[in-house]
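So, here come the structures, one by one.
The two complexes that follow have chain A in common; it is paired with chain B in the first and with chain C in the second.
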Partner chain A sequence: MKTLALPRQLPGRLPRNYLPVLVTGALFIAMFTAGGIRYEGFATGQIILNVFIDNAFLLVVAVGMTFVILTGGIDLSVGSVVALTTMIAASLLPSTPSFLVILLVLAIGGVLGAAMGAIIHYFEIQPFIVTLAGMFLARGLCYTIGTDSIPITDPTFTAIAQTRIDLAPELWISPTVLIALAVVLVATYTLHYTRLGRNVYAVGGNEQSALLMGLPVARTKIAVYTVSGLCSALGGLLLSFYMLSGYGLHAVGMELDAIAAVVIGGTLLTGGSGYLLGTVLGVLVLGLIQTVISFEGTLSSWWTKIVIGLLLLVFILLQRLIVTTGVSRER
Partner chain B sequence: MKRLAWPAGILAALLLVNLIFTDHFFQIEIKDGHLYGSLIDIFRFGAPLILVALGMTLVIATKGIDLSVGSVVAIAGAMACLQISTLPSQDSIGGVLGAIGIALGLAVALGIGNGFLVAIVGIQPIIATLILMVAGRGLAQLITDGQIITINSAPYKLVGGGYWLTLPFGIIIVAVVLALIAFVTRRLALGLLIESVGGNAEASRLSGIRARGLLIVVYAFCALCAGIAGLMISSNVSSADGNNAGLWIELDAILAVVIGGTSLAGGRFSLGGTVLGALIIQTLTTTIYSIGVPPETTLLFKALVVTIVCLLQSPAFRAKVFRSRRKPAPPTVPAGEKVTVRT
Partner chain C sequence: MAEAILRMTGIGKEFPGVRALDGVDFRLLPGEVHALMGENGAGKSTLIKVLTGVYSIDSGEIELAGNRVAFAGPLEAQKAGISTVYQEVNLCRNLSVAENVFIGREPRKFGRIDWREMRRRTSDLLRQLDLPIDVAKPLSHYSLAIQQMVAIARAIDIDARVLILDEPTSSLDAGEVAQLFRVMRRLKEQGIAILFVSHFLDQIYEIADRMTILRNGRLVGEYVTAELPQVELVGKMIGRELAELERLDERPPARTSDTLVEASELGGRVAPFSLTIREGEVVGLAGLLGSGRTEIARLLFGADHAATGTLRIGGDQVTLRTPRAAMARGVAFCSENRREEGLVPELTVRENLILALQARRGWSRPVPRKKQDELVAKYIKALNIRPDNPEMLIRNLSGGNQQKVLLARWLILEPRLLILDEPTRGIDVGAKAEIQKLVVELSDGGMAVLFISAELDEVLRLSHKVAVLRDRRLVAELPNDDTLTTDVLMETIASGGAK
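Right after this comes the complex of A and B.
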C-alpha cells in the first residue's frame, strides 16, 4: 500500500511515512524553544548534550526495542537485563579484567535475547509472555547475586565515567554518548542497507507474506530479540558507567520508557513501519520533559509520568489520524 | 473441561509440594468464629489478583489487553483513602460507602476511557492502556500528593481485612463477582458475543453485534474489578500508596489468565482457568516462603515455573517435544494477522 503510494507523491513533498518523525522533531524544537523563553539558561547547547548524557543508556535500549517492535513483537525484559548487566559487572569487576567483563555481559544479553526469540518463534508463545518470563528471570538473577547496591571502583570504568570530551568551550559530552550514537549509526545502517534490515520490515509488515516470499522469518525473529538483548546489555554497561554501581533495582520500569520512546518516535506497534531517527527523537523528548520539570522546580516528579502519558496519547491519536486519512485517500 | 487439566494439575503439584514440606498445610480451623489455615490465606491474599485477572480475562477474550489495571488499583485505593481521610468520622458507614462509590466510579470512568480509545478511536489495546499505565501512576501520586495516606476506619478495614460469616470478606467479594460474571457470560449470550468480537471484531459488527459498545463495557468492567482490588489492597494495610500499590499486578494478572488457558489471541476464555491461574501464582508465592526458598530467588523460581507452564501449554512445544503419533495440530493462525472482510 505504502510502496504504491510513493511514486504518486508530488516531487518535493515528503512521503507520509516521515510525518510522525517530523512531528516529533517539531515537538522537540517547540519544547526547547518554549523552555528557552521561560527559563533563564535553558537555551544552551549543553542542555541538549546533557539530555544525551543522561539518557545514553535509554537510547541504546530503545534502539534494540525498535528492532523488536518493527517485527511486530515486544520485549519487556530490557529493564531487567540492564539491571542484571550492572549487577554482573559490579560483582565480577574486582577480580576480572574489565574487557572480559564487558564481553561476558554482552554475551549474556545476546544469549538471553536469542533464547527468548527462539522460544517465541519455535514454540509459538506470545512475545509478551516470553519476555515477561525473561523479565522475571533477569530480575531474579539480580537478587540472587545480591540484594544490595555494589559500588564499581574499577579504574577503566571510573575513567570512562569521569572522562569529558570537550566539543567547544562550554560544550562537552561523555564517552557514553559517543557509544550510543555509534550504536544508532550501526543500527540505522543495518535497518536500511542490509538484508537483515529489509527482512525486519518485511516480517513486521506481514509475517505470513514474508514466509511465503521465502524470507528467513525464523532467523530474523531470533535476530531481533538477540539485538535487543545485546542493546540492553550495552545499555546496562552505559548505566554502570553513569551510576558506577550495580543494583538489582536499577532501571525498574525502563521497558516502559523504551516502548514510550519508540511509540513517540512514530513507530507503529503493529510492526513494519517506523524509523530509528524517530526513536532518537522520542528519547530526546522524554529527556527534555524531565529537564523542563527539573527547571520548573516546583513541579513534583509525578508530573513527568502524567505528561509522558498525555504525550503518548497525543502521538497515538496523531498516528491514527495519519493512517486513517492515508487509507481513505488511497481508496 | 479438558483444557483445565493442565492448570489444575500444576496447582495440585504445587499443593503436593506444600504437603511434603509444611506440616498442617491442609489444616483449616475456626478461631474466634474466623476460618484460619494456609489454604484460606492463599484465597485471602490471592483475592485481589483473582479479581483483576477475572476482568482481564474478558478483555483478553476480546483480543485486547489491559496494562493499566495496576495504575487503576493505585488510583482507586488512593481516592477511597483520600475521601475517607476527609470524613469527620472515619467510622461512619455512609461516608465510607460514599468514598467507595467515588473511587469505583473513577475506576469505571478510566475504564470507559480505555474502551473509548480501543473501540472508537481504534488504537491497539496494548498502547491505549499503556497510556493510562504510565499516566495513572502519576495520577495516583497526584491524588495522594506524593504521600502515603493512612486512615483508621473500621468499616473500610472490612473490605480487605475483615471477616463475615466466618469467611474473609475478600473471598466473599470474589465469589460474588465470579458468580455474576459466570452467570452473565455463560448463562446469557454475553459470553458468546465477547468471544465473537475477540474472534473477529469486524465480522461480528457486520453480523449485527454492537462490538464497540461491548468493548467499552468490557474495559469498564475490567477497570471496575481493578478498582475493587485496589480497595481491598488499600483497606488491608489501611493506607494508600500511589507509587507501590498494585505495582506489576497487571503482569501477574495477564500471567494468571494465560496460565489458565485463555489465549492472548482472543476469541475464547475460561473463567475457571483464570481462577486456577491466579491461585497457582498465589500458591507459588506461598510455597516459596513455606519451603524456605530464600526471598532473593523468588522471582527466579517464578520465572522457571511460568516458563514451564507456558511451554507445557503451547501446542507447538508439545508437538515438537513429545512427538506422538497423534494427528498433527491444525495450522495456527499467527497472532496479529487480520482477516479483512470486503464489503
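Right after this comes the complex of A and C.
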C-alpha cells in the first residue's frame, strides 16, 4: 500500500488510484452494518474472523493473482494447482514426513508457475492460453493420482486444523489465518519496498518502456507467475488443513473467485495499478456475501454467484470511469 | 575547439538492397547542441540507431571520449553515457515522477527502497532543470513536455555525456518548446553534448550550434549554424537531381477549367489553409518532411477530420468522415507508406489491383473474375508493370512496380482527384520517369492531381501551380510560370513565404 510509502502525500486529496479500494472498504462496512441490523448475532467480531478462517486459502491465492494482474497478465491455473497440491499432499502424507510434503508441494507450485511465466515471456504467448493449458494439466494430474477424495490423517495436519488461537473471550482464529496474513504482509513489503515489486508495477504500466529503461522484464514476468504458483501451492496446503482431504474436485473455479477478489479490490486488469489492501478487502467482501446468504437461510447458495457477478460488473464499470476521466484530465 | 566527446568515422551500414549509411563521419563536441539534418531516407535514424547500439555497423568506427566502442544494445550505450529520449516518452506513466527517474536503481536503506531519499534527490535534480513539480504525483498527471523532461532528467542522472533528443518537439506547443530549450541550454552549460533532431527549421536555428547534414546515406557536410543561411541548408538537404530524368514538355500555363476541389480555411493537424484544384490541374505540394504535406492529403481524403473550414468537391459542400466517403466523391489517395498503408504483401498483383474497386462495390457483389482479368491486363499493359504476371505475389515486385500497382488500383476507380504522396520515393529512375509521364497523361485527360514530393525538380516539372508548406502552414501558392525555379521554391520554404 502506498499509504505506507507516501504518508506525507496524503493530506488534502487522495490519488484517484485509491478510489476503488475506498469503495470496496465502504462496501464491506456497509454490508457488515446492514447484516448486523438485519440478523441477530451477526455484528460480532467473530463473524469477520470467520470470514478470514473460511477464506484464508482464497486470500493467499488472490495475493499471488494480484502480482500477476499487476503486470497485466492473468493466471487461470491457480484453482487446479490448489487441487493438485491437496491431492499430492493427501497421497504422500501417510508415507512421508509432513514437512517434506510441504516443501515438495511448494516446490511443485513454484516450478509450474515459473515454467508458465517463461513460456509466456520467451514465446510471447498470451498468458490466458498458457495458464489455461496449465489449468487443464494440473487438474488432469489430480486424476492420475486418484479419482476419489483421499482423507488426511497426518497428525501435524490435523493438529493445525484443530488448533484454535484465542484472541479474546469469544474471539478466535485458526493458524491458517496467521499464515495468510503473514503472506499479505510479506507481499505488501515486496510490492512497495523492493525493486522486484516496483518492477512489477513498471512492467504492468508499460512493458516496452520498462525494457528500454533497462529493467529486468523477463525476470519480473517469470517471478510473478512463480509467486502465483507458490501462493497457489500454499493456498492448497491451507485448504488441506481446512478440508483434511485431497480431492481432484477441490477448488473448482477458484481462479475466477481469485480474479474477482482482485478486481473488486480495485486492481486494474490492464496492469500497473492496484493495491494488496484492495485484494484483502475484495476477499472479505466475497466471504461476507456468503455469510449474509447463509444467515438469510432460505436463499440458495447460487445467490452468492449472482451477487458476485453484479459486483464485478459494477467495479469494472467504476474502473473504466476512473481511467477515462483520468485520461481526459491529462489532455 | 574542444576535443570531441564522440567521433564516428567512415560509418557504413547496409540493409538488403539499400546502403543506408555510406562512409559517414560525425563528431559531437561537449557542451554543444548539434542538429542532425536530412530528409526521409537520408540516414538520420540509422545513424542514431547505430550510435545507440540498436544496429551494428558494417564498417567504420565509433570513439567515445577517445576509446573505441561497439555497443551491443541500447542498455550498453546507456551505461557508456549515451542516452536517448524519443518523441514518444519511454517511461511508465502509472508510476510517480520520482520512480520514473530512479526505477531500476532506487536508493535503498537497510535493503528496502528509501522513498524519501528518492523523492528528495528527484526534486533536487528537477530543480536544477527549472522544473519545480511534485515528484510524488504519477507521471500521467503531467503534460507530455514535462514527461519528456523527466525522461531527460533520468538520462542525465545516469551520467549521460551524450544526450540524443530524437524529434522531441513534434508534439509540443510553443511554450513547452521554450521550456525544453531552457533545459537544453542548461545541460549544455554543464558540458553535455546534445544531438538534436527536429523537422522545424526555426527550432534548429534557435538552439543548434552546429549541424551535420546527410543526404541519401552520405555526408553532405558539417556546418556552424550561424554561418549557413536557411536557403543553403534546404538546398543541401534536398539536393538537385539533374538531367537524369527524361525532360517532360514544359507545362502549359494554369488551367482555366472548372474548379473541382475548393478548400477554404480547412484545418486540422495543419494550420487552416485555402486551396483550389481545377479539373485536369496538377497541384504540387512542396515543403520539407513534416511540413504538413501528408496532413493536407489526409484531410482531403477523409483520413483525418477537419477541425475548421469547409470543403467543396465538384461544387457540393462535403464533410468527409471516412476515406470511403471521399472515395464516393471520386477522391483517391496513394499513400507514401507503400508497405503499411497501401499494399497487402501476401496477395497477388491482381488481388491488390482489384482491392479498391471491390471495396467500393461492397463485399456482397464480387467483381467477376473475367472482369478482373480484363482490368488487370489493361493496367499491367498501360503502366508497364513488370513482370507482367498478375498472379505473382506483390512483395516479390520491385519498389517501382509496387508503386505502379498501387497507382493502378486507384486508376481503376477512375477518380476525379488523385492524391499522390511521394509516389516516386525510393524507386529507380526509369520507373520514376514512367510515373511522371503518367501524371501528365492523366491530367491531360481531365483528372485533377495533387502531387506531393520532396523533390522540388519533380514538383516543378509536373505542376501547374505549387503550394509551399512550412512548419504545418501553407505559406505560399505560386503559379508555375517561367519565373518559378527550384531556387525560388527553396527560398520560399526557407523564408516561410515572408518577403
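Here, the second predicted complex is superposed on the first by the 320 of 331 C-alpha atoms of A that agree within 3 Å, B and C clash if a C-alpha of one lies under 4 Å from a C-alpha of the other, contacts with A are read in each partner's own complex, and residues count from 1 in each chain.
As a convention for this text, contacts are C-beta pairs under 8 Å (C-beta built on N, C-alpha and C of every residue); 3 or more make two chains touch, one makes a residue touch a chain.
The structure presented is a predicted model; accordingly, all values stated were derived computationally and were not measured.
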Q. Looking at the overlay, does A:201 come into contact with chain B only (first), chain C only (second), both, or neither?
A. second
Q: See if chain A has more residues touched by chain B or by chain C, and give me that chain.
A: B
Q: Please work out whether A:128 is in contact with chain B alone, chain C alone, both, or neither, and reply first, second, both or neither.
A: first
(Q) I'd like to know which partner A:310 touches here: chain B for first, chain C for second, both or neither. (A) first
**Q.** Which superposed partner A:193 touches (first chain B, second chain C, both, neither)
**A.** second
Q: For chain A, give the residues common to its interface with chain B and its interface with chain C.
A: 206, 208
Q | chain C partner contacts - residues on chain A that touch it in the complex | A | 5-6, 9, 15, 17, 189, 192-195, 198-199, 201-202, 204-206, 208-210, 212-215, 272-273, 326, 330
Q: Enumerate the contact residues on chain A facing chain B in the complex.
A: 72, 74, 76, 119, 122-126, 128-130, 132-137, 139-141, 143-144, 147, 206-208, 256, 259-260, 263, 269-271, 300-306, 308-310, 312-313, 316-317, 320, 324
Q: Quick one: which bits of chain C touch chain A in the complex? Just the residue numbers, please.
A: 74-75, 78, 89-95, 99, 103-104, 106, 112-113, 115, 136-138, 140-141, 143, 154
Q | chain A-touching residues of chain B, taken from the complex the two chains share | A | 65, 117, 121-124, 126-128, 130-139, 141-142, 146, 242, 251, 254-255, 258, 264, 295-304, 306-307, 310-311, 314-317, 320, 332, 334-337
